[in-house]
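Following this line, the structures themselves.
Next come two complexes, and both contain subunit A; in the first it sits with subunit B, in the second with subunit C.
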Partner chain A sequence: MTGLLETTAERRARRNRHPASDERPAWMGRQPRWATAARGGLLTVACLAVIVPFVAVVMTSLAPQRDISARGGLVLFTSEPSLAAYRAVLSGGVVTRALSVSVAVTAVGTVLSLACTIMLAYALSRPGSLLHKPILLMTLFTLLFNPGMIPMYLIVKQLGLIDNLAALILPVVVNAFNVIVMRSFFLELPGELTESAKIDGAGELRILTSIVLPLSKAVVAVVGLFYAVAYWNAFFSALLYLPSPEKWPLQLVLRTFVVNQTPLGTDELSASTESLPPQASIQMAILVMSVIPILIIYPFIQKHFSKGLLIGAVKG
Partner chain B sequence: MSSGTKVRPRAGADPGAPAARETSVRGQLAARWHRDRVLLVLAVPGVIVLVLFHYLPLLGNVIAFQDYQPFLGISGSDFVGLSNFSVIFNGDPEFLNALVNTLIITMVQVLFVFPLPIALALVLNTMLNERAKRLTQSILYLPHFLSWVIVVALFQQMFGNGGMLNEWLRSADLGTFQIIGVPELFKLLITSQVIWKDTGWSTIIFLAALSKVDLNLYEAAAIDRAGPLRQLWHVTLPAIRPVIVLLLILRLGDSLTVGFEQILLQQGPVGAQASEVLDTYVYNNGIIGGNWGVSAAVGLVKGVVGVVLVLGANRLAHAMGERGVYSK
Partner chain C sequence: MDAFSRRTLLRGLSAAAVAGAAGSALGCSAKTTTGTSGRIGADVLPTFANAGNAEPALKSASPLGMSGYFEYPPNPVASVSKPPLSGGQISALTYTFDPVAPGKSDNPLWQEVDKRLGGKLDITYAPAADYAQRFATTVAGGDLPDLVSIYGSVQQLPALLKAKFTDLTEYLSGDAVKDYPNLAGLSTDSWRKTVYGNALWGVPIARVPIPSVAWIRADLVAGTGLPAQPKDIGEFKALLKGLTNERKSRWACGDPGSTLTMIAASLGIPGSWSEDGGKFTSNIELEEYEKALADTRELADAGVFHPDGLVASNNQRNDWFTNGTTPIVFGGYAGWSKYEMWGAEVPGFKLGSLPMFGYDAASKPVHPRGSAAQAFTAVTQAEPDRVREVLRVLDWLAAPFGSSEYLLRNFGIEGQTFTFEGKDPIVNSRGQNLRLVPFGYVSGPTLAIYDPGRRDVAQARFDYQEAALPILAPDPTQGLYSETDAAKGLQLGKDLTDTRNGILAGRAPVSSWKAAVTKWRNGGGDKIRSEFEQAFSEAGPK
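So, the complex of A and B:
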């Protein structure tokens, strides 16, 4: 489970087979130079297409008005970076409030989701247990049929969750796909471990917490990331269920002030300074802040995107 | 779908008298309850959530058959039979426009978006340097984790009228290139956004399949003097065909679902004619416009057709000898 594409054992086996070469098997002939160059060029262009917008956005958020005016819009490089835009945005006001809403929803939601998903997946990891099949089918069916937006809205309304931050969490707290991913991971764990623990007198809860979970860090990390990203990125559910703007999460604020280009004034920022940082910098600072959490956790989780995790899930 | 393995022999197998069998069935149930009760308790929170926010809304679809009035509620509103569905069957122009837009976008995306990750995965798979390969993958996966709001904002900043590209074109006296806010180019715009966001991430499943290809096959093919293209055609592509079929089935099953959030965010400047799809029609017509019953009817039909499409595509895959989403 360590490798992104192949297991350590596989890689080692391949190395051993071709110890001297640059991992190129003897039978794999040298490819024409232009083919290699074309592939390298393609990958470079693809990577640049991802990186350049980020660099431009970060640089613009740091740039002073002079640079922005000179370039007309985004800047790729600024000689005198300043954090003025971030200070203006974080000193209270709409964006600060939205940021705290997003952080709270993401944190609470991810913990709740992981708890429910682990419990349900573990309950479903014993084929032959009481009601195993009905519960499994019930979970799988939710993947096939989506109840639809209108009935969903009416139910959330009926439950009194409109304009309540819980509406961003409760309807999506359990995702059947994630349950299945986790369940198939649990099923792959050697059964002898749980058997022997049972013989030693451990109950199900004990087995779950002291044997299964410590062995499942990778899948918990990846599923946790999926949930966290979903909560952090939630935009439509907030638009649908939260009529009052003071409860809006960051994504909705981002839409208002960056996508729809509503200008941010001193009212929204509660910054008393007469000399606000350039509008473009403020907008890009909001954008950067909505991306940063993902950039921070991404490298830690990314190494777990291994083949077994997702492929195994597809088998259902 | 894994079938339950029976842990203990069934009571019915015992040649006992009916009364004795009944008690043993009950006793067995009690024993199983005793053994599995902790598992069942663990399942409760998840099951409650699924019932509340999946099965209950499913029942809520009855309003598709009602003249739903918010102040009367589901129980108080009048049933009106199938009249809400007349929008669909009599071909209301707004509905037809949304349907046509949806189908065009699906077609464009199956043709131009679907093959790209396969090609990218094949290129990535030829990278021999493990470190460079991982770094490339990390970069290419990243956009998948950004929200649509962020992606739309980034595209505006890069390609909008005051965006990076046009500022550069202006400074070079090359005129401007307008793609954002132009109705005729809207489908091209959202397709390119989907490509940017998800091509990298979609390679993950093809790369996993590629990593499982037996290297001996390539060696054997090379001995038979198969060049790189022949190896690709006779070894690599057949090996990943089941995955391609599987993903194609899932995509076709989603034919009526195209980037809801993405389109909703960008509808303003281009107008409904160019941008309305089924999901935005349901939202704009139902939640915003208050035509609850009609919107629910459209949503319900869309859901049912989606299920039929998945099952149909899957049956087709079985007929062609593929494994499909689930095995028979």
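So, the complex of A and C:
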């Protein structure tokens, strides 16, 4: 109903024309109380559905064995919270070291991946760039077929990357899906912009950095988040390529707490279980710890998130 | 408890001679009740000789068994007089069930082990759950360390061993093992897991082959008038039904699969294969198995199992047990002290165990058999002198309970990582981390029963072991290899479990079992059988 060119003053004037609720159109009218209550109730339930599991995770990570046994699993409230599970996981320096490895790999990896992906996607979005078609096909091909564990290992080995942190980054530095998302976004940008830049004498690099990238913040944020999450969560490549446990990233170290501590080891009663806090607490503490970094980053790029993904993906 | 059911049924099938994850082959023949088939590898196995001289408080009557100690033997001395290395380096790849240990540069315990070894022992490792991938890529990559753990099911294992590893027969067979006295102390059955093609291919990680125990909350049974130690199937059923009270959300047990295994064992039928005159029969083909299945179904229909029993995780089942929801649980024998620890928080908690009972007066029950070796450590091909050096290191690592090497490996350095309280070494929080280096999965001694400060627990564990070992189900597949089993055994077993669960959940009649067995036979079961039979006929003493 409001025109695109409506000014603030006009809007204010329009609002003032309807001071009383009776004159509002139906959808702006005051709701009957039951409807407000129902809506409130519904929203509360929806919020609880999200919040309660999270509270349960945090509480269980703080709970003693007695509470966990009594509840038969997750705990919603504990009267004697203790940080024993966190202490157990963080003691000995292994986890803190692994944390710094993970942060470094995620930071360096994300920057490298973004740089490569942006350049590749940009080149592939320019009609007539050199070997455009074959390179695009090769990129798409990796979406359908991947080399498998042992060939990958052999290549990493031949490149001399075994036991080198670069092995966590280089083999996965470009992800075809992300290239497609980004390329589709670049294709959507009006060609007139780049054309005018060209007329003004800008080279491709200049166009990319001064015109295309500033318009593509949303997609860069999304793809960056994809890469960051992937680097943060990766444990399998570390398992294969890094023989030294000192170089293991956080997720692999935490994994040894989770998968190895099957407490009732029909297989084995591990050396450490005697002294560790309850298994459930440890698992939940680990969950909390691995979620925290994402929680910290997410709010800053969240606004770009849905927008960027939709724009890129739907029109691929 | 997966130990009993899934492992018995499934792994039992896939057990073969693959040095499997613990609790693999659950043994076997109703007809022969001798420990194992004595003929496999009989002319290559090392001669057993007790290692160590610490006098146990509880001495096991079986060479398979663990001895019990109420306190750490005083004045531990070194079991190996001379450092096994002279400045060299040994590398190893193994698995672990523990969290990651601090690296060698931050780990004085590891540095001290190096010092006493007289060289460097470098260990790389992967979580046990991921070991197969790590192993596969390392083998594919070609640079094998000196020592490699063979853990879990490995396809084409005999060929792989021949191509890459050392045949240790001349070094360890018969009396030759006396050069390595600590290795001579490993049980003969555990060595069987390292025999392929009548040759020894590694040093076993020996375990007591008791996979699991049926635990019962003695405090919840007391005063109910129910038979806490059932003598036959009638009493067993009465106990389970009597403990169930659905209105109060209590069920007797959360594990139908394990209950089936227990009933099958009460009938004396094996966990996997039985052998008679060179002919192999799988337990699932026996009529008694179907009978056990029908009995378990009857119990399921009576509602004695927790509604989520078939799909629950072990963690859940243990919580149900501790909080009294299910007063019976099947859990690992190794976890005994764990249950006591959880129970300490519950008022009145008293842990008991259900001994094996005979189905009726005529039946001879067996106790399910686990694997006598969790894995084995193979030695990469090398010059004989190097092989001897490597074996000396394995011998050092296998120094038994009571020796100073054992004290160092498991507890660390006095004052730094542990202190003596009375006669017992108590590890401090630093030591808890430092001692996580997986030395024990490269090589280790026969385990000991030792629960500092809990004499009653040690005694109970020992008593259970002594009752179970003489009636362990025999396993004729030990030391035999079937390629089909290594490749398809797991999948075949899974199909059978699905059918079994369908029957126990009431979705299918007991009579549907026969069709599943036929499918299993056609899908590979018969091939596994013939491969075992052939291996069996070839494996005998020449």
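A few notes on this one:
The rule we apply is simple: the second predicted complex is superposed on the first by the 188 of 316 C-alpha atoms of A that agree within 3 Å, B and C clash if a C-alpha of one lies under 4 Å from a C-alpha of the other, contacts with A are read in each partner's own complex, and residues count from 1 in each chain.
Criterion: a residue touches a chain if its C-beta (ideal position, glycine included) is under 8 Å from a C-beta of that chain, and two chains touch if they have at least 3 such contacts.
Remember, it's a predicted structure, so these values are computed and weren't measured experimentally.
In the superposition on chain A, contact of A:L240 is made with both subunit B and subunit C. Of the two partner chains, both subunit B and subunit C are touched by A:V259. In the superposed pair of complexes, A:W248 makes contact with subunit C only, with no contact to subunit B. Taking subunit A as the reference chain, the count of touched residues is higher for B when subunit B and subunit C are set side by side.
Of the two partner chains, subunit C is the only one that A:P64 touches; subunit B does not reach it.
Within the superposed three-chain model, A:W232 lies in touch with subunit B and out of touch with subunit C [touch as defined at top]. By the touch criterion stated above, A:P127 is placed in contact with subunit B alone, subunit C being left untouched.
When the two structures are aligned on the shared chain, A:M149 is found in touch with subunit B and with subunit C. Note: residues 71-73, 149-150, 153-154, 236, 240, 255, 259-260 of subunit A belong to the subunit B contact set and to the subunit C contact set alike, using the contact criterion stated above. Remark: subunit A residues 64-66, 68-73, 91-94, 98, 149-150, 153-154, 157, 162, 236, 239-240, 243-246, 248, 253, 255-257, 259-275, 279-280 touch subunit C in the complex.
Of all the residues in subunit B, the ones that touch subunit A in their complex are 1-7, 29, 32-33, 35-40, 42-43, 45-47, 49-50, 52-61, 63, 74, 120, 123-124, 126-130, 133-134, 136-143, 145-150, 152-154, 156-158, 162-164, 167, 170-171, 196, 199-200, 204-205, 207-209, 211-212, 215, 218-219, 222-223, 227-228, 246, 260-261, 264-265, 268, 279, 282-283, 286-287, 292, 295-296, 299-300, 302-303, 306-307, 310, 325-326.
Considering their complex, residues 4-6, 10-11, 14, 22-25, 27-29, 31, 35, 39, 42-43, 46-47, 49-51, 53, 56-57, 60, 71-74, 115-117, 119-120, 122-124, 126-133, 135-136, 138-140, 142, 144-155, 159, 170-174, 176, 179, 187, 203-205, 208, 229, 232-236, 240, 251-252, 254-255, 258-260, 284, 287, 290-291, 294-295, 298-299, 302, 305, 307, 310-311, 314, 316 of subunit A touch subunit B. Contacts from subunit C toward subunit A in the complex involve residues 1-3, 7, 21-23, 93, 96-103, 105-106, 124-130, 133-134, 136-137, 140-141, 211-212, 314-316, 318-320, 322-323, 325, 331-335, 337-338, 341-342, 345-346, 370, 374, 410, 427, 429-430, 432-436, 440.
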